[in-house]
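To keep things simple, chains are lettered A, B, C, D and E as they appear, and every chain counts its residues starting from 1.
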Amino acid sequence: MTDASGLDAQLRWSRDGFDLDVALQLPPRGVSVLFGASGSGKTSCLRALAGLEPACTGRVRFGDALWQDSALRVFVPPHKRRLGYVVQDAGLFAHRSVAGNLDYGFRRAGRPAHLDRDALIDAFGVRDLLPRRVHALSGGQRQRVAIVRALFADPALLLFDEPLSALDAGARDTLLGHLETLHATLATPMVYVTHAIDEVTRLADHLVLLDAGRAVAQGSLQATLARLDLPPSLVEAMGAVIEGEVVRHHADEHLAEVTFDGGTLLLPRRRAAVGQTVRCRIGARDVVLSLTPPSDSSALNHLRCRITAVGDADHPSQCLVQLRAGNQLLLARITRRSLHALALQPDREVWAQVKAVALGGQ
Amino acid sequence: MTDASGLDAQLRWSRDGFDLDVALQLPPRGVSVLFGASGSGKTSCLRALAGLEPACTGRVRFGDALWQDSALRVFVPPHKRRLGYVVQDAGLFAHRSVAGNLDYGFRRAGRPAHLDRDALIDAFGVRDLLPRRVHALSGGQRQRVAIVRALFADPALLLFDEPLSALDAGARDTLLGHLETLHATLATPMVYVTHAIDEVTRLADHLVLLDAGRAVAQGSLQATLARLDLPPSLVEAMGAVIEGEVVRHHADEHLAEVTFDGGTLLLPRRRAAVGQTVRCRIGARDVVLSLTPPSDSSALNHLRCRITAVGDADHPSQCLVQLRAGNQLLLARITRRSLHALALQPDREVWAQVKAVALGGQ
Amino acid sequence: APGRMVIAAAASLHDVMGRLVTSYRAAHPGARIDVVYGSSGILLTQIRQGAPFDLFFSADSGYPQQLADASGSDGPPAVYALGRLVLWSRDLDLAHVRLADLVQPRFGRIAIANPQHAPYGLRAEQALRAAGVWSALQPRLVQGENIAQAAQFARSGNARVGLLAASLTQSPAMRHGHVAAVPDAMYRPLRQSFVVTRHGADNALAHDFAHYARSAPARALFARYGFGLPAKAH
Amino acid sequence: MPWLSDQDLEALALTLRLAATVTLLLLALGLPLAWWLTHTRSRWRKPVAALVALPIVLPPTVLGFYLLLWLGPQGAVGRAMTALGLQTLPFTFAGLVVASMLYSLPFVVQPLHDAFGAIGRRPLEVAACLGAGPFDRFVSVALPLALPGVLTASALGFAHTVGEFGVVLMIGGNIPGQTRVASTQIYDYVQSGNYAHAHLLSLSLLLIAFLALLAISLLRTRRSAHD
Amino acid sequence: MPWLSDQDLEALALTLRLAATVTLLLLALGLPLAWWLTHTRSRWRKPVAALVALPIVLPPTVLGFYLLLWLGPQGAVGRAMTALGLQTLPFTFAGLVVASMLYSLPFVVQPLHDAFGAIGRRPLEVAACLGAGPFDRFVSVALPLALPGVLTASALGFAHTVGEFGVVLMIGGNIPGQTRVASTQIYDYVQSGNYAHAHLLSLSLLLIAFLALLAISLLRTRRSAHD
């Protein structure tokens, strides 16, 4: 991928006992997720991209703009990069109220008229907090304020460092939904650091796996997640991400029927209208394989597939089965006992059974 | 529950726009999880228990010790409560190295000989960090140091405020395992704040649900999670937690066979030996119901159950089915379409199908 | 025409210079006359660095002479009074007390002005040497930066006795103390002189005041404050 | 009991004017200087820091004496000023301002330096990412966060100038209405044994100062209620 | 070029002894005082804070004058001391120490107060939960975190005492080896027109102070490398 209009960075940086050496090519739209273990260098990458670490050498190009080139002695300071950076600990200004914090970047961005501030304030549920002092906010409240503040600055590039890790499941789900909507409407690319799998699968278009200061894998989400050779930290995330078209709504049952290349799925109805394309993730652990199409089971979805490969999972009792339904790759995680009992092997035809509820939460 | 040797607290505290009014009865052993949305008062509770908020009135008794009684004007200061408090943002001492931070509580606890410091240091993977300055740690590294520091203080009560929210999935899994081991060996009760479902299900013995400063439900994990009337934020967590005895190991397949009152389960083998009691959670979303015992399917476990009740789920397309297998309650989340197609209703007998891999990660 | 002038006066002239200006002002209504007090040494330094003082009344003749030698004055110094040293105490009866008696411990600490640069301090040293007690008294001597400060040490009782300018002991604040004269012979005469500075050379008021300072009413005032009088000039 | 004389009032007014002028100028000078000291990586940092601190150890009279020599008509600065057709500084209000600034500089810069240091890099980084340039960050983030330090610096600078004596005496010349401030006026009263007037003027000075300090302390508390 | 006389050396030594004594005593007094001011909820807080700050505005000579009156044999304190069979304080080294402490107190307490305030409650709370009692927290957490402030306070206190002149002039009595410090010695040289000696002694004082300040600045940098 050498898209001239995306983010293209070559970062090199050594400091006591930690070496960062990362080449990133991120697409000009959508969400690129940096994923990696604690201490693998995710925050360091974001800081270098933001221009907060002048000691980091290399080259950073964003669209047409050259932000940094150590060889040419180019270095654009952070405040000229039009960033929306949400740092790991929120970093709210203690001397300003919540409203004052939100206003800070907004004013410096020249009060952009196209920003619907009220909508953002409501979406992130910070209206009641506006007059509050930031010391009187809970951890989650701070994080929400920090997100809205970054969005108010009308950034050309969003940098989010684990913005949801302080939120409860409910709030996170809501915020994730809003972030999804945002990135569809805002067209602002986002580099997103997280170690939460559901954030990866729901938000990422592009995935970069960091390990000990190096990018060990990067590519589109679909291509990356269906690989069998990912590091163990990703096993929970593994599975297929399927994009299909909503063809019908079953109104009384609140289900949506989605067709894709490899078949049809029923899933809990979402806001998407008929004809729209939706994304849904089928986790490897949610897939049950059987040799015959199951009957009288509560699992609604059955896809006819062909086994393409079998690989190891993270536990010796289990293995990963890669399947193809039409052009779409699926993954199933099953026990080795079942693999043998059902005599599964590449090229065999099987039925993949997926509960509709397993497709709901995404 | 009026166990005289546990933690018994009655906390009342008003401050601009937020009222805390919570009565807690926590058992003298094991992990009590405070669970609730952002801003519901979890941190406030912990701070009040620690004695950091003298403005909070009420009564706190821990075992035989009366820590606070506003009526009697009793107030034991924090440093006399023998606490191990891990705060939400780690709170490391900036003027000390990692080793110096760890040493701090240890020395003040009188260098307790029974603490196996090396084991803890290795368990939490902080050995390499010992000489480091705390400013040079990543978010996750800080949190791990804070946990070890609290344990080094040889506390009588552990208070953990979202200690794992800054960790990646791999590190979290490892740490959760160590926390599980710890609470089995240390006998130190723990009050644990989190909004991560897997932490609840893996660690909690006792669950307190906080909402807007009030405890809306509390009780043992099993009793609480299998209720059908929990708030929506808990839906993902719902399911059964089953305790059973390991009766056999299938060594070549790395599976363990566990029997409980309602049947037998095969699960990925863990460290537990034959004869030991293990806990495993069966999430409502992982259960598939069928009318006949399935054949040639990769799902290893099939339990014969009787439906006891049907309730609403968080999405209108779905419902929750409460089942009984022996004395054990299970929950299944299925679509209403399946409910009708299979004509499921209370008292009906069904087969609950659970993949072994779904039981693995806990 | 009512003018303005600033007089720099040695610390030993506290009070008497004020009176002198008051009586002079009665004849020159509208003129603004300010007095700046300091130790003679500092005043000289300041004048040499361009201080806008029109007249310089020193506690001796040496400092004005230095100014004159450096052509910082309008004309040579003129003696306006002869300074006198006295022994003063707030609460000790000094009748029949001679300087030599000061070695007795009952006199406690003894205040003098700094002999290095305050003319009265130097005279005090000479007198104590003449009495043969200078070395013996060393541990009990406390020095004021100028003679007014030495007076303050004595007045506050922190020093039991002081070797002070007679003029200061005539002020209302100190008139109630006990005084003993120091024989003139024990120290070199203090020929207190003044000059019109170069700054004041063109100031008619300054020249007029210089004239007044040697007039009969002025001499009477100096005498009332315990000064000796120089031979009448001109 | 005497009442404050016209001269006393004049001296008090002059004192306040001097202290206010000096404090404002010192803040104008000290804020950027302290900021520079906090954030520069220049190798001039330490020498400049030590230089700024030096006036503290000079006895004020000594400082005043050297200023008198340098700024006077024979001094290097004085000659240059005369050559430019300017009045030399000693014995003028402007001279007092210059000298007092030099004398009180460290008492203003040091607390500012500490306060800026205590802010840490985080809020400034956040501000930069929100589009604030260096000067903007200084004004909109560093200054408000360092407010307690700014107040302390102002209080110390103001009070130190009010309490200034040695420097003023040396290069001021104690000229009424021009360079005779309250402190030298009190000294005069004391020297002439006029204790009643000395007490009264001292009391006035104390009262004014107490009110000023109280006001600053109130500002501090209002602000620290935010923590 | 003259060399430093024995008297000069004596004065320098006395100056350093005085400044060191005063600084140590002021830290011993100022640390708990600033700590108390930072954390108390007593209603005496504001009055005490204002009282501590008051000496700043008093011209040193005025302060010295009142000390002379109060501590002298006629003064309230002096009478009490005489009644107890003690020597009165004016004209003694102990008197200089007491007066200088009073004079420099605010310059020590203020930076300490700021530094303690900047620490925030969090580290202290964490320490409490790790079993540290109030005094322990003060020593093991507050002090090291406030180190830059402690250094500033020490530097200001030390330097201010070295530069002390007015107070010493008023209650010192200029007794060699006892109360004649460098500042008064230089002043004497200036007064008697002995400029060469004045320059030399001033230079020595500057050099010593510069070295002391440099040392403190180095300590600060070592420490701030941790941020």
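Couple of notes before you dig in:
Operating definition for what follows: a contact is a pair of C-beta atoms (placed from the backbone, for glycine too) under 8 Å apart; a residue touches a chain by one contact, two chains touch by 3 or more.
Chain identities (UniProt): A, B = Molybdate transport system ATP-binding protein; D, E = Molybdenum transport system permease.
Since the model is a prediction, treat every value here as computed from it, not as a measurement.
Counted as hops between touching chains, the shortest connection from subunit A to subunit D is 1. Ranking every chain by how far its Cα centroid lies from the centroid of subunit A, the top place goes to C.
Taking each chain's centre as the mean of its C-alpha atoms, subunit C lies 35 Å from subunit D.
Separating the CA-averaged centres of subunit B and subunit E is a span of 56 Å. The geometric centre of subunit A is 60 Å away from that of subunit E, both derived from CA atoms. In terms of their C-alpha centroids, the spacing between subunit B and subunit C amounts to 91 Å. Shown for subunit C are the residues that touch two or more other chains, namely 42, 45, 149, 152. Shown for subunit D are the residues that touch two or more other chains, namely 65, 190, 227. For subunit A, no residue reaches two or more other chains under the stated contact definition. If you check each pair of chains against the touch rule, the ones that pass are A-B, A-D, B-E, C-D, C-E, D-E. Residue ranges on subunit B touching subunit A, taken from their complex, read 15-16, 36-40, 43, 88-89, 132, 136-141, 144, 162, 165-172, 195-197, 232-233, 236, 250, 253-255, 266, 268-269, 285-286, 288-292, 294-300, 313, 315-318, 332-339, 342, 344, 353, 355-358, 360-361.
Put simply, subunit D touches subunit C in their complex at residues 65, 68-69, 72-75, 78, 88, 90-91, 169-170, 173-177, 180, 188, 190-195. Subunit B contributes residues 50-52, 77-85, 87, 91, 93-96, 104-105, 108-109, 133, 135, 149-150, 153, 159 to its touches with subunit E in the complex. Listing the residues of subunit C that touch subunit E in their complex gives 39, 41-42, 44-45, 66, 109, 111, 114, 116-118, 141-145, 149, 152-153, 156-159.
The touching residues of subunit C, when paired with subunit D in their complex, are 6, 11, 14-15, 18, 34, 36-38, 42, 45-46, 48-53, 146, 148-149, 151-152, 155, 168, 171-174.
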